[in-house]
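Going by the order they are written in, the chains are A, B, C, D and E; count residues from 1 in each one.
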Amino acid sequence: MAIVKTERHPELPPPVSQTGVIGWLRQNLFSNWWNTILTLVSLYVVWEAMSALIGYTIINANFAGTTREDCTGTGACWVFIKARFGQNMYGFYPEAERWRINVGYVLGAVGLFLVLSDVIKDKKWPAVFLFVVYPILCYFLFYGGFGLPKVETSEWGGLFLTLVLASVSIFVALPLGIVLALGRRSDMPVVRMVCVGFIELIRGVPLITVLFMASVMLPLFLPEGMNFDKLIRALVGMSLFSAAYMAEVIRGGLQAIPKGQMEAAKSLGLGYWQAMGLIILPQALKISIPAIVNTFIGLFKDTTLVIIIGLLDLLSVIKSGTTDKNWLGLATEGYVFVAAVFWVFCFGMSRYSIWLENKLHTGHKR
Amino acid sequence: MNNAAKASNKQDDIAIQLIGMHKWYGEFHVLRDINLTVNRGERIVVCGPSGSGKSTMIRCINRLEEHQQGQIIVDGIELTNDVKKIDEIRREVGMVFQHFNLFPHLTVLENCTLAPIWVRKTPKKEAEATAMQFLERVKIPEQAHKYPGQLSGGQQQRVAIARSLCMNPRIMLFDEPTSALDPEMISEVLDTMISLAEDGMTMICVTHEMGFAKTVADRVIFMDGGEIIEQAPPQEFFENPQSERTQLFLSQILHNA
Amino acid sequence: MNNAAKASNKQDDIAIQLIGMHKWYGEFHVLRDINLTVNRGERIVVCGPSGSGKSTMIRCINRLEEHQQGQIIVDGIELTNDVKKIDEIRREVGMVFQHFNLFPHLTVLENCTLAPIWVRKTPKKEAEATAMQFLERVKIPEQAHKYPGQLSGGQQQRVAIARSLCMNPRIMLFDEPTSALDPEMISEVLDTMISLAEDGMTMICVTHEMGFAKTVADRVIFMDGGEIIEQAPPQEFFENPQSERTQLFLSQILHNA
Amino acid sequence: MAVDALGRQGGDKVSLWRDPKARAVFFQILVITLFLAFVFYVGNNTVENLEKRGIASGFGFLSEPAGFGIGIVLLLDYNAQTSTHGDVLLIGIINTVVVSLSGIVLATIFGFVFGVLRLSKNWIVNKIAAVYIEVMRNIPLLVQLLFWYFAVLSVLPTVRDSIKIGENVAINNRGIYFPSVIPEAGFMVIVVALVVAIAGAVFLTRWAHKRQDKTGQAFPVFWSCVGLIIGLPVLAALVTGMPFSFETPNLGRFNISGGWVLEPEFLALWLGLSIYTGAFIAEIVRGGINSVSHGQTEAAHSLGIRPGLTMRLVILPQALRVIVPPLTSQYLNLTKNSSLATAIGYADLTAIFAGTTLNQTGQAIEVIAITMAFYLGISLLISMFMNWYNRRIALVER
Amino acid sequence: ATLDDVRAKGFIQCGVTTGLAGFAAPNDKGVWEGFDVDICRAMSSAIFGDPDKVKYTPTTAKERFTALQSGEIDVLARNTTWTLSRDVNLGFEFVGVNYYDGQGFMVKKSLGVKSAKELDGARVCIQSGTTTELNLADYFAANGMKYDSVLFDTSDEVREAYIKDTCDVYTTDQSGLYSQRSVLADPENHVVLPEIISKEPLGPLVRHGDNAWGDIARWTLNALIIAEELGINSSNVDEMKSSKNPEIARLLGTSGDLGSQLGLGPEWAANAIKQVGNYGEIFEKHLGAGTPLNIARGLNQLWSKGGILYAPPAR
């Protein structure tokens, strides 16, 4: 009655229609007539777009030369970017002192690499370097002191200023965001209300109004004679703005930590701050890293708005270039260049955050 | 295909037929040369170690997965890429999943009437009456207006069974219907299935509930490594397994139980 | 408060005392007039239907919840709003939770040394030595450098016990320590608890493991609706329950088992 | 410390400092004091500064004549000589709302289309959507707006070389021109017909629903409604003999005049906002649909429900719960981002009120306060709506 | 007071435009130069004896008043029209006029427009937050014409839009039009129409209330004009110090105490003239025939030579 199979059936390769190029094409591009049409239309669109794009940016573009007259091609005139490259990167920072910025970049890159990558297991010292030593170092390096000549912040500009704005704001926004997030979850109604009020107020208004306030109205609020550098005011505005967003991100992380963690910590005798610092925050921050990186990306893009208060970040330097008498009519090149620079940074960060998310995810599954 | 046509079918007593069926996931040969004939009214239990392809096989039967070689004939209709045939077969075949897969945004009653209304174009009143009938049959008419999230696992699984039955399928497939349930809930679901079986429904059931297999199965099928290794009536299967692998498998699960 | 002082205490043999204790959650009167005295070295098992307030009662003892009326005196110290006293009591009382609540971002060893280092200010070396001792005691010294996520449920719960022990508590509270575990893991945790009990630790344990209660409990306490209904030594409790509700409860759990 | 536990009822007075409740109260008093001190400090400085600098304060300026021209005025009559700064505020709000709403509509369309394409099994379609999303999300909006306005729209031909579509639609770097409709006597009939058609559509939908309940037969509601809403007014127009005329755009000395026009400032802002926000919405849509477990699709399929219906009846209702909250905050972002209009000359609230009016009157505090209050108000409204919606659709759990 | 603040911090915070060739614009090195800039430099010379103790805040037309009100800048030298409401209502003090201007229109030659009266229906690009906006509305209304306005924050953007033919007409003060035309790629293809539709006395301004500071600004400007009247320029100022002309002696601080009346050193005017130049020099250097702007002195000639430039006597 029983039917028994004794011989093992061999493992066969799948039919050709399933694998290899043909299988892939069949499954991904031509699985039915509707898909086939979609594929063909898309291919056409891609072809058109790519040929226009490559034609404009590479084939018909001009790379060599130094003046407007060298732009003879029908495509982009990259000479424009090249000729003003120094300004685009450093603003009016004195040429003789630009090495200082480059040193800062290198140190920052090394620090970031050590902290973010997996090369070193114990992140304590790199982190101390990056978050404590480096900022102080940069202050003197960029601004002057210890024998380095002073460079006024009004001379800072270009990509350099963009990076300064972005990194300082995030550096301030993170701790402030943590405080606000804890405040918003506090049991004390007054503290909670103040934090909620601040967060919602800031999140409810456009950044440019905040910047506008910081840049021109702040002195009205201060006693006469008390005044800050324009850059500092922009930094304060951006930091407060991103702190509010950061607070919400971190609150999300805090909410994801089960209540039991706090209870366990308490039952072991840890106080509120010990439990927060040793147990809750490390976990909450870890799971919110991807979201924090996303906030950072948003912040980084928002630095372009300082153009509205007259700081010479990358976009405004390029923009003033496009209105330079010698380079009129090259707005497209300028904007494409700015777009490309921002894209590289932001896309890099978003990839990093995805990589991290996957890493944390598998780590969690262990 | 109406019933008259079906009656004239010479294979009328065959509900499902798999002939030399193969399936690959990418490079991985997951089902190898499956041959199986299920007669109308037959109750079949499929068991085998994890990863042996049990779920894949029954999912091929209502085309939740595509097979690449061989034939699958359900109710006289061969499964091909033809959308119409797939629809026809899916209406004939009900399926119950391990994780119930109830629609959480609809009430129990709406879960049950959704397909009849939209697929069979049954008037709502009628569909609801039928649904209540089946909900009574699985003994939870009083839960009709709750949402799935408000029910226990066992109740949810019974709703899932009722939902399938509302489409009047001629064949039911079960994929480990009790393995996500707490022990005290398993029996209520098994009872429902047993009562179905007693009504003569054609059933293929992937399960490790050996008690159930012994009670209702006409045939037990043992799969391993993507192949059907052994088929036998339950008493023969449990008492006198032929293949080594079957013996090993049985010794494990009986030891655990 | 040093030991000499404690020795001079006339109530030295009383570990925990609840006197006319009431607690409300908002409007809901969850604990009503709880009176309980636990002697030093006594092992108490608390049982009762779900929602009867068992967890709430023991969580009040180390002030994870606040009580609103009556007194709780632990180790001679009355629980008030005084932060210092709360801290003192929490150091004396260890607690083990149903869901372990290990710190997933720290290794097993770090979990165990965290509180000694930060609360007791023990030097790290010393704390680690103590921790290893207790990990050996719960029979998982080899897991010291793994993360909790890499351990099985039973192992995790044993780490949680070791973690509590590292603070040298004089009293241990357990809140259903085995109910989130798979059956095969329950016994390893119970064994650990039994060995603790044999060493004379004062214990209050919420559990439905009646076997455990019979083996080690000095007294079984039955709660229902926020009240202590019955207290008795285990054999008396199981064989001859006095109150009706206790009888009903026992009949249910013994039936299920 | 020997404690006589039984003999004591209250317990000794806990020193305030060690009582967490007392500490909390103390801390809160501290916070509120600091907060008030800060507010007072800032307020005091401001008042002092205003006084010292002789800046008038108050909202009287809102009723003073504005005296400047505004490029885009909708709904209201505006006259540089007689209209007041209050009117400017109103126009700014209207323009902001108009560009935000139309941006929201278009961004939602972009978002849903690309979000669904991003899930397509067709590799190349999928990748095109991915490229759109990744490119647009990672470039600052301001750069995109400037690019659209200064690099793309200005590449369009000049007025005299307009691209013509048919006789009456012209596209050039001053915008897109359409003929406008001038109602004549009897035009009301068409309006009435439209109203009737809409009412009919509502009725038809209800009827179709009932009929399906009764007979099980589905009715092609969507297409019949579209037909009804378009057909009936057209029919009315034909019957009444076209009681309207077109004013066609004509090339004047400088500009095309007459007809309706979409200004390039509006176009750039509208497209820029929509394309940018659309990329974010696409990701949200994709996430939402992905969040519905595959088991739901399988269950629906195994019940014989076709893919299209499965999407409509099973997947989307569940995905929407996940999509709507982040979607709303994208709408909010779009509205706030419309303030970048000021960079490309669109007359929104920030540009004309927080710009020109502020400048003409010099009342920075009042103007900025009103502007912020407007955006804040919108934000609060939307979050209230969001909370309400979330509560309404939360899945019922045990 | 502002003077003390300025002395204490060691520089003047000077508000300028975000860039208007000839009036204020950073050169390739990022150093601000121009006609308006030199007013601030002259003040710096008068106060510190060094023209470079100035920090510049580029402001858009919109921001400028708020910046001055709030104390962000000490003086605004930025082609700003002196009007009653600005003087009174906004709380400022205009210290004089350094450039007499009037609003005009620029169009492309190819349009064949000869007069502003022909501009009915045109699309006009303007910088927002200027008197230009108001004059424009008035002028078109007065002549029964219609227009379409497009507003931009900075003059660069206005020019960009004009070049791109987004609008037909570029309107601003004539000086600005000349300045903007000078930086076009094809200046010869654009005409500035003859009509001047408004009076635009442009001058530096300070906050109301600090009269001492206002005096310094006012008299620095006046000193530059008087110097031109008296024939004192940057190259002969040192010789002139020994001049017998009492007017010159008072101005250059060799006799009298005008400097200390202002709270400055005796050499205040001499320094300004020496380091920055007299009014005529400044004008020629940035706007005159030798520059791309090529603006004639016109109204801005001394009163004695047919213009209306007239400084009160320094005594």
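We take it that contacts are C-beta pairs under 8 Å (C-beta built on N, C-alpha and C of every residue); 3 or more make two chains touch, one makes a residue touch a chain.
Being a predicted model, the structure only gives us computed values, none of them experimental.
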Required steps from chain A to chain C (each step between touching chains, minimum): 1
Other chains in touch with both chain B and chain D: A
Set of chains adjacent to chain A and to chain B: D
Farthest chain relative to chain D (centres taken as mean CA coordinates): C
Label of the chain whose CA centroid is most distant from the centroid of chain B: E
Pair joined by the larger number of C-beta contacts - D-E, A-E: D-E
Inter-copy rotation, chain B to chain C, in degrees (Cα atoms; steps of 5): 170
Chain with minimal offset from the mean of all protein Cα atoms: A
Distance between the centres, which are taken as Cα means, of chain E and chain A, whole angstrom: 42
Whole-Å gap separating chain C and chain D, where each centre is the average of the chain's CA atoms: 56
For chain A paired with chain D, centre-to-centre distance based on mean C-alpha positions, whole Å: 25
Between chain B and chain E, centroid-to-centroid distance (C-alpha), Å: 88
Where chain B touches two or more other chains at once, by residue number: none
Residues within chain D bordering two or more other chains: 49, 52, 150, 154, 342-343, 364
Overlap residues in chain A, where contacts from two or more other chains coincide: 212, 216-217, 219-220, 224, 308, 319, 322, 331
Pairs of chains satisfying the touch condition: A-B, A-C, A-D, A-E, B-D, C-D, D-E
Footprint of chain E on chain D - complex, ascending: 49, 52-56, 67-71, 80-81, 150, 154, 158-159, 173-174, 252-255, 257, 264-265, 342-343, 345, 347, 351-352, 355-356, 358-362, 364
Contacting residues of chain C [partner chain A, same complex]: 62, 64, 87, 90-91, 93-95, 97, 99, 101-105, 114-115, 118-119, 147, 149-150, 160, 163-164, 167
Contact set on chain C toward chain D in their complex: 1, 5, 8-11, 17, 19, 71, 73, 76-78, 80-85
Chain D - residues contacting chain C, complex: 1-3, 5-6, 8, 11, 14-15, 18-23
Contact footprint of chain E on chain A as seen in their complex: 87, 91-92, 152, 154-155, 212, 215-220, 224-225, 227, 230, 308-310, 319-320, 322-323, 325, 328-329, 331
